[in-house]
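In the two assemblies presented below, chain A is common to both, partnered first by chain B and then by chain C.
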Partner chain A sequence: MMAALGAEFLKLKRSRTLLWTALVVIVYAAFSTVMIVALKDPEIMRSVASAGGSFSKAAAAGLYDLNWANQMHTFVQGIAGTWGVLLFSFVTAYVFGREHKEDTEKNMLTSPVRREYFVAAKMVVVACWVLALTLLSLAAHAAGVALWGVEGFAVEHVATALAESLEVTLLIYLTLPVVAWITLMGRGYLRAMLFAFAMTIVGNGLATTDASRYFPWNMPMHLVGASWMPVPPSGLIPVSWLIAVGVFVVGMALTIGRIDTADTTP
Partner chain B sequence: MGETGSAEVVIRTEGLTKHYGEVRAVDDLALTVRRGEVYAFLGRNGAGKTTTIRMMLALAKPTDGWVEILGTRMAPNAVRAFERIGSMVENAGAYGNLTVRENLEMQRNLLGLRRTHWVDEVIEMCDLGEYLDRRAGTLSLGNKQRLGLGRALLHKPEVLILDEPTNGLDPVGIADIRKVLKRLSSERGITVFLSSHILSEVQQLATRIGIIHQGRLLEEIGYEELRRRNREYLEFAVSDVKRSAWVLEEQCEVSDFDVREEGTVRIYQHFERAGEFNQALVESGVAISSMRTSEESLEDHFVHLTGTESEAAPETARRAGKRGWRR
Partner chain C sequence: MLRALRSEIVKLRRARVVLWTVLTVALVPFVVAFSIRLVGADLGETTWESFMRLAPQMMASWWGIMIFGLAAAYLFGREFVEGTAKNMLTLPIRRESFVVAKMAVLAIWVSGLALLAVSLEAACAAALGLPGFAWEHIWVAAGESMTIGLLIYLTLPVVAALAMLEKGYLPPMLFSALMETASMLFAVVGWARWFPWSMPLAVAGSSMGPLIHKPEISAGSWVVDATLFVVGLAALIVYIDRADNAQ
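Here is the complex of A and B:
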């Protein structure tokens, strides 16, 4: 197992994909802080408030008030509803799909290491990668908010954002073995990413309904709400966590089953 | 080489079959490879070579039948067997962002090898020294093949399974790989199973050749037959083979010849004395209906077995043209 783990981490050395995903997170954080400029402009805020629909309701509920608490919460909502599922799914698709793309699948499968160890090692790599992206994102957002001189800083806001973002990341992580399985089945990134995209769309569609607490890809949004959703998040129930863990277990079983019986003939 | 008849069976397949829908990629394949043999698995593109090798390495699940290597029934997670097998299937894959050395070091770790000098040994053996710090993604196809071979040899395997190992190599590279495999076979007694669709690349190396066509093993040619077929000869079609043999041996003092069942005599030496042999046979009362030099090489035989050249797949024809399908 340790040999597989060492190999999986070594595969990321000089990886451009690693840098690209970091760049995506930083650019997203930069765009988010640009919103601060808009929030500082009373004219823009007035036009948002008068635009109607859920954005106006959110503005009226004070979700767009410019302070550290809101900014940090918006950051967590960004992971939950915007880029978390897509980017973390991409990371998973890359880690599992690159073997096929780079023609190294057969090397891996003919190594004297049990195949499930490779799956486990890859999931550990994915866990470290998405955790690093979450922390980087938090740091970038916090830096951006501080840079624009937003008032109301308290360590508590950052700590809350950290705890919430870790919880959201965990919820998304629990769905990732399914992405890994689709990647192996589809022998590439495309189907996995289409799946992630579809889940994000469905998740956003369910965001304001109670059903979302039973749908793993929407649970993060149900937990922390969405920036356009004035309804305060009602939190998850124990059954939600059971479902999320169940999806993880089923996803792992499918992935291991697939790699154990894989017919790699092109 | 070639004296492997009683040696331990290292690779055995029985009733090995693989269907893809209606297509029978491999059909009821039974072959055995003994310790120390260099078995060349020859067939055109699409004949079923790669599918067979994939089934051998548990990369594809047989529709029927089984493969046993070193006494282990091959299946996913046949970890003990993989510790003793080195393999390279089709184009050697490598992690493009890692250097040649890093790729080999990673493999060494996966194999659980503590001896770091084994990496240096394969670097030298596969002539990878000047590319050590180059990222694998920037290597030429030929050098990637060398890296793949190095990866396969790293743990000094007892069995080496190679699918078209010379793919993408230039003539010098092909000769180098041949030299490495010969050395491994003679010095370490490694059993080599390699596939190819170019006979000339393997006939100098192989101790046995299996010809596969449309998923079926058509023929296996042993070492002696190989050696005989690979030699040039002068062939007389004669009325009396016994008398011919006597004339050649006693009068012409030829020792290296053989008498064939179909009424021909093949002489493997002194081709410049063809006229003299002809005269001696005629003067001894042997009627000669034809005389020819070796027209059918093993390669011709292969083409004959697997269909006419015009039926060959475009890729086969292209490579044949490039590398000299006929000698």
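Here is the complex of A and C:
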């Protein structure tokens, strides 16, 4: 098992995708800090406050005030509702799909190693990768907010954002075995990426409904809210976590089942 | 040239990706209709006009850049992924023909998806029994969707160039996802008229409420978008003209 894990990490040593995903996170953080321009514009804020409905309520509640607490919370919302599901699914599609794309699948499947080890090792690599992206994103956002000279810094805001982002990352991670399974079934990246995108479409459609907390791909957004809908945060219920864990277990079972019965001939 | 075009179309005959993009686009109006039902919204307030406006809005703010980017990445990247680039690059045919043929197929794919989205939106509106039907609402939605499709299409040579340079799907897909997010952010801060990926939001507005100001695009915006298309296409042609067939 440890040898399989070591091999999976070694495979990433010269992988450009690692750099691409890091670049996406950093550029997204840079773009997000541009939003501060909008928050400083009284005309934009007036139009949001006078828009009525949930936007007016959010403005009245101070969700659009420019301070460290809101900026750090917006960062977590970015992972939950914008790039987390897509980027983490890309990572999973790459880790599981490259064996087929790079024609190393036949070697992997004929090695005298239990096939479940490959799945476990790849899931560990995905876990490390998405965790690193989350931490990188937090660091980049905090640096951007600091560079703009936003007031109200407190370590507590960063710590809260860290805890929330880890929880959001965990919730998204629990959905990733399904992406891995679709990647193995589709023998490539595209189907898995379309699936992830379809899940974000469904998630956004359900965001303001009661069904949101039962839809695994939407749970992260439900947990921390989304300032652009705006959807207020409302903690998950135990059933939500049960569903999320259930999706993980089913996804893992499907992935292991697929790799156990896979043939070396395409 | 016509042979290259024909062979590009034939290559898609059994491509499941076409079906997958159709299914993903088809999902959108059903999700919108389902969520309207689920929140118990007063359907009296949702009219044909407001429901049909969602088709171009959803394309501009949610799925257009991603799905059209995926189609471009697939058309240009698959030659490397499937190991056929070496055949393509050694055929006694002008290499520019392949680029032009692929861009033509991409235009058909983009138009097809845009019209499919409008058709299904209309079908959902009919199924929901919304009040205020008029053919005009469908024509307006179709016209706006085609304009949005064109604005996004003009950005696709950049995605295609990335797919060829990186010899695969992932970098161009990541680029498309990033541009989709950036389109929103630039629209919020009011720079949309100069940022090609934000320009589609000008046609029908955004489904994301007052945070996104409907940008006003000018003749200058079209010049910027067209220039991006020409530069992207030139980069593609230069790349393919000088590409080595060793993969």
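By our rule, the second predicted complex is superposed on the first by the 247 of 266 C-alpha atoms of A that agree within 3 Å, B and C clash if a C-alpha of one lies under 4 Å from a C-alpha of the other, contacts with A are read in each partner's own complex, and residues count from 1 in each chain.
We take it that a contact is a pair of C-beta atoms (placed from the backbone, for glycine too) under 8 Å apart; a residue touches a chain by one contact, two chains touch by 3 or more.
On a predicted model such as this, the values are computed, not experimentally measured, just so you know.
Student: Putting chain B and chain C onto chain A via the overlay, clash or fit?
Tutor: fit
Student: Pick one for A:16: touches chain B only (first), chain C only (second), both, or neither.
Tutor: Touch status of A:16: both partners.
Student: In the three-chain superposition, say which chain, chain B or chain C, touches more residues of chain A.
Tutor: Larger number of chain A residues touched: C.
Student: Look at A:193 in the shared chain and tell me whether it touches chain B only, chain C only, both, or neither; answer first, second, both or neither.
Tutor: second
Student: Quick one: classify A:239 as touching chain B (first), chain C (second), both or neither.
Tutor: Neither chain B nor chain C is touched by A:239.
Student: Tell me which partner A:159 touches in the superposition: chain B (first), chain C (second), both or neither.
Tutor: neither
Student: Consider the C-alpha centres of chain B and chain C from the C-alpha centre of chain A, and write down the angle between them to the nearest 10 degrees.
Tutor: 80
Student: Applying the document's definition of touch, where does A:249 land relative to chain B and chain C: first, second, both, or neither?
Tutor: Neither: A:249 stays clear of chain B and chain C.
Student: First (chain B), second (chain C), both or neither: which does A:109 touch?
Tutor: In the superposed model, A:109 contacts chain B only, not chain C.
Student: Regarding the shared-chain residue A:31, is it in contact with chain B (first), chain C (second), both, or neither?
Tutor: A:31 contacts chain C only, not chain B.
Student: Have a look at where A:261 lands relative to chain B and chain C in the superposition and call it first, second, both or neither.
Tutor: In the superposition, A:261 contacts chain B only.
Student: Look at the superposition and give the distance in whole angstrom between the closest pair of CA atoms, one from chain B and one from chain C.
Tutor: Minimum over all C-alpha pairs of chain B and chain C: 8 Å.
Student: Would you mind listing the overlap between the chain B footprint and the chain C footprint on chain A?
Tutor: Chain A residues touching both partners: 16.
Student: Per the contact definition, I'd like the list of chain C residues that touch chain A in the complex.
Tutor: Chain C reaches chain A through residues 16-17, 20-21, 23-24, 27-28, 31-32, 34-35, 38-39, 62-63, 66-67, 70, 74, 81, 166, 168-171, 173-174, 177-178, 181-182, 184-186, 188-190, 208-211, 213.
Student: Report the residues of chain A in contact with chain B in the complex, numbered from low to high.
Tutor: Residues 3-4, 6-7, 10-11, 13-16, 102-107, 109-115, 259-265.
Student: Flag every residue of chain B that touches chain A in the complex, lowest number first.
Tutor: 20, 50-51, 54, 57-61, 76-77, 79-80, 82-83, 85, 87, 89-98, 102, 105-107, 109-112, 135, 151
Student: Considering the complex alone, what residue numbers of chain A touch chain C?
Tutor: Per the stated touch rule, the residues are 16-17, 20-21, 24, 27-28, 31-32, 34-35, 37-38, 41, 44, 47-48, 51, 55, 82-83, 86-87, 90, 93-94, 101, 186, 188-191, 193-194, 197-198, 201-202, 204-206, 208-211, 228-229.
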